[in-house]
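Look at the two complexes coming up: subunit A is in both, with subunit B in one and subunit C in the other.
After this line comes the complex of A and B, so read on.
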């Protein structure tokens, strides 16, 4: 599939990277030659210099043969006009990144169809939603949901004293056979493996676990965490992400304190968030965080625009006793570091954007893709077509390629976290967790 | 938890005398009826907190708050200044309603954050500023809490 990506910033770069990985043919457009040069040097894509709002530029990028146009610059208006420019192109799906909350507040403001936009994505809001999911699952480092939330894929660090520590998966399966919880991957010493029955779980392992929504608490207990409710959360930063998160927490009736360094921004958000305590102050000020009672908070979420400030304030919050700390990290290199120094979970705007976009990149039988920060692994949802070589077979008969594992089978409203004897039928939605080396083989099992 | 439980009738003043920020803090502290030394310590703490960022949260409301050893349990006070005072609030507008919250450094029941959050929510309710403006006696403040402070 030919894809035109307008915008070579963090989001555009990351999305282009993922699309190349999915074997798509990608052209990246940007007005800034230096950004394009970086993209061209690092990714297997073509680049075109110019504005996506110009049809001539889009034509140069091959818009006439493209199936997908992704307008993902950091300027909402540019993205909308880009999609508008390409509205006459036949058989083209257009995706615009639009972040400004005011566009969404009033239905009169934004009629995507009027702009020729097929899909609107809002990475900042996606990030806020992901943060809420992380807060709800307390100990999780990652949460990806499928089948409308019925299937959950959780990243979890194995805590000291966890019931699973020192045990082999085969023994755990024998003990908890009735529990629909499946370990789909183990990340250890920087490498991700799809485990086998004789894989022994160790304290400090980063596990990816597939489970039904109703069994999340059990999964948490097995890796050594107590389920807990979230009553009070402190958020730092005046970013769009901070706005969306505070708004969501307010809707969930979570008592929220929002600490913003910029006075004008603090005032603006104070007016919009009527149930949030908005305070003006410096998020790195240890004394201020302590005076505001960060130690008694169930969650602390650092969402300023600066990675270093977020990491620093998260460390202060953790030390003061905040139960769960979530840190916004832009720089890819900082993400493993954040986990290493004891922060609970990192969220990244780039990853949220990529996940939001990839969800709409339907290729053949793929209905949904989730990626994980700091790992090349992907979770992909496929629809099983009659052409699938494994339709009607059990998982044991199907012979899923090494490096991949079926995390869940969804049949209508029924969800199965499968074992070898479970069958795959035509029409099922199948969630597969796969390492990069197995991705191609897996996709051949699920033709359109 | 109900906000009403935390306010004593004698820790409510509907007519503060002070006309500037520091004096307002002192007058609010006075409502807690501590000893002189405690007053001074508490003032120092509240000043420090205000220097890190004003607790004036906009819409004419300020919530000076801190933890301090001078109290054994969570203490609160309410003060009203009908003429308004410049408290360097985030919206830079005068403040009319002051809620003082002081908690001990370590509380078993950990009420500091819940009370702070509840007061902020209470004060930000649309009709509350008008209702506060029309109060004639401290008891009416408690009645308003009964109604809105759950």
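After this line comes the complex of A and C, so read on.
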């Protein structure tokens, strides 16, 4: 598939990287030669200098043969006009990144069809939604939901004293066999493996667990956490992500404190957010954080634009006793570090954007894709077609390739977290957790 | 300031007033008062015409001139309005006549006359007309229909109908003023019609309708609304609430947006405080009398509404109510009606903004770094507006204090001095003590009448418009063109 990516910023770069990995032909367009040079040096893509709002530039990038146009600059209006320019091109799916909350405040503001936009993505809001999911599951490092939330894929760190610590999966299965909880991956010492029955779980392991929505609390207890409700959350940063998150928390009636360093931005957001206590101050001001009761907070979310400030303030919050600390980290290299120094979960705008876009990129039988921070593994939801070689077979018969595992089977409203004897039928939605080496083999099992 | 241009407009305003004086002459002839009425009207007209002709026709109204026109214009109008009371021999003193005229135009409704039924009909009608003209604003009316005021209309509009600037109904101020006056006239006609269907004759219906929509309070009966049936009182109560509501909302509702009232935050405060006051007074009356009948409910609701909307009709002597209920009335006298209504007082919107601001300050004590925003209808109140409101509060309190002090110096008792000055500033009418609803202001001396007249004008024009007149810088570049 030929893909044109307009915008070589963080989001554009990362999406292009993922698309190349999926064997697509990618052309990156940007007005800034230096950014293009960086992209060209690091990724196997073609680059075109110019504005996506110019049809000439788009044609140079091969828009006529493209199946997908991703307008992901950090200027909403440029993205919209880019899609508008290309609206005449046939058989082209256009994706525009639009982040400004004003556009979404009123349904009359943004009518994608009027701009020739097929899909709108809002990475900042996606990130805020993901953060809310993390806060809801208290101890999770990652949360991906499928089938409208009925299937949950959680990343969990095994806490000291956890009931599962030191046990083999096969023993656990015998003990908790009636529970629809399935360990799909174990990340240990920087490597992710799909476990076997004799894999022993240790304290400090990063588990990926598939479960039904109703069993999240059980899963948390097994890895050593007490389920709890979220009443009070402190957020730092004046970013768009911080706005969306505070807005969502306000809607969930969570008592929210928002700490912003910029005076004017603090004033603006205080006007926007009725029920949020907006403070003007430095996110690393230990005295202020303590005065505002960070120690007793159920959650602390660091969303400033600077990774270093986010990590530092998260450490302060964790030390002061905040129950769960979520940190926005842009730089990939910082993510393992953040986990190593004891921060609970990391979120990244880059990844949120990629997830939002990739969901629309994979066509055919794929309905949803989730990727995880700090890991190359993916969870993909497929719809089983009659052409599938495993339709009508049980999992034991199907012979799922090594490095992949079926995490859930969704049949209508029924969710099965499967074992070997469960069958896959035509029309089912199947969630597969796969390591990169098995991805190609898995996709052959689920033709369109 | 260009005084000559100001006088030009004031000349026009006086001619207007003279024209309005012609209306009561319909009744004057039958009462043997035709000559005095014509003299009053002609005298005012000649004075107005003189000022009009002797000053330049080209006018340019800057903010300073706008304020001066409204401030001086109102003084000229109320003085002219006092003339009929003098020349017909109804008012015992000149100060009394001025008081009655100011009370009329400022829609206060306080009267010096002990027995209203003894007054000639022409005078009764003039009192109601003065209410009606002053209610929506005689200068706003000028802006609405006099093209010559079109230039500086916005300044005039805001100087006469100040408060917190609300949305214009139309981009042009003259069109906005026309719509507001149109709504006002329509509602007045509706109420007059209802009164006719109930128990009033044409004369009484027209008078009471004008008085009610202006939140005035002058009646044609000594017993005020107490002279009419229960149904009439309920209807009056409803229209008092309407008159105390921002007329911009009425326009929206009349043009089909039925939710305009409920969506307005100030309206919710206004109706909310009204309902709370109803309940508290009803309970206070019930407890003190041991009775909870429908009549007691009507008595509590009507008089609370009359005070809250700053109308000042009465159906009972609330001077006899328990002190708890009277204190509630004093609170309502202070607060008054909505901004943009014909009512007076500190206004619901300002009360709400001040209370929200206070809540924000308390929040700041708990969270020293909190960024606190005072909001009104979902929008932040700009700091300038907030400062203006706080300064207005200070002015209100200080002016009330000075007024009370002056009346006490003239020998009035504490309750009378306190309530009379408050009732004057907030354009209520009846106060408590010597000036309660069962009594009148006729027993006060001329000095007290003048003090109260000044308080009424200050309250009606919301201080700034009059106060700037005593600042020397207002008069700088006297007669110049700058």
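Note that in this section the second predicted complex is superposed on the first by the 447 of 448 C-alpha atoms of A that agree within 3 Å, B and C clash if a C-alpha of one lies under 4 Å from a C-alpha of the other, contacts with A are read in each partner's own complex, and residues count from 1 in each chain.
Keep this in mind: contacts are C-beta pairs under 8 Å (C-beta built on N, C-alpha and C of every residue); 3 or more make two chains touch, one makes a residue touch a chain.
Here the structure is a predicted model, which means the values were calculated and not measured.
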item: Superposition on subunit A - do subunit B and subunit C clash or fit; value: clash
item: Contacts of A:280 with subunit B and subunit C, given as first, second, both or neither; value: both
item: More subunit A residues in contact [subunit B versus subunit C]; value: B
item: Contacts of A:255 with subunit B and subunit C, given as first, second, both or neither; value: first
item: Which of subunit B and subunit C A:267 touches, first, second, both or neither; value: both
item: First, second, both or neither for A:439, with subunit B first and subunit C second; value: neither
item: First, second, both or neither for A:347, with subunit B first and subunit C second; value: neither
item: Partner chain(s) touched by A:135 [first = subunit B, second = subunit C, both, neither]; value: neither
item: Which superposed partner A:297 touches (first subunit B, second subunit C, both, neither); value: first
item: Superposition clash, subunit C against subunit B - the stretch among 315-323, 369-377 or 441-449 that is involved; value: 369-377
item: Where subunit A meets both subunit C and subunit B, residue numbers; value: 266-267, 270-271, 274, 277-281, 288, 291
item: Subunit A contact footprint on subunit B (complex, rising order); value: 48-49, 52-55, 57-59, 63, 65-67, 90-92, 110, 112-114, 116-118, 120-121, 124-126
item: Subunit B partner contacts - residues on subunit A that touch it in the complex; value: 231-232, 255-257, 259, 263, 266-267, 270-271, 274-282, 285, 287-288, 291, 293, 296-297
item: Residues of subunit C that touch subunit A when the two form their complex; value: 363, 367-373, 375, 379-380
item: Residues of subunit A touching subunit C in the complex; value: 260, 266-267, 270-271, 274, 277-281, 288, 291-292
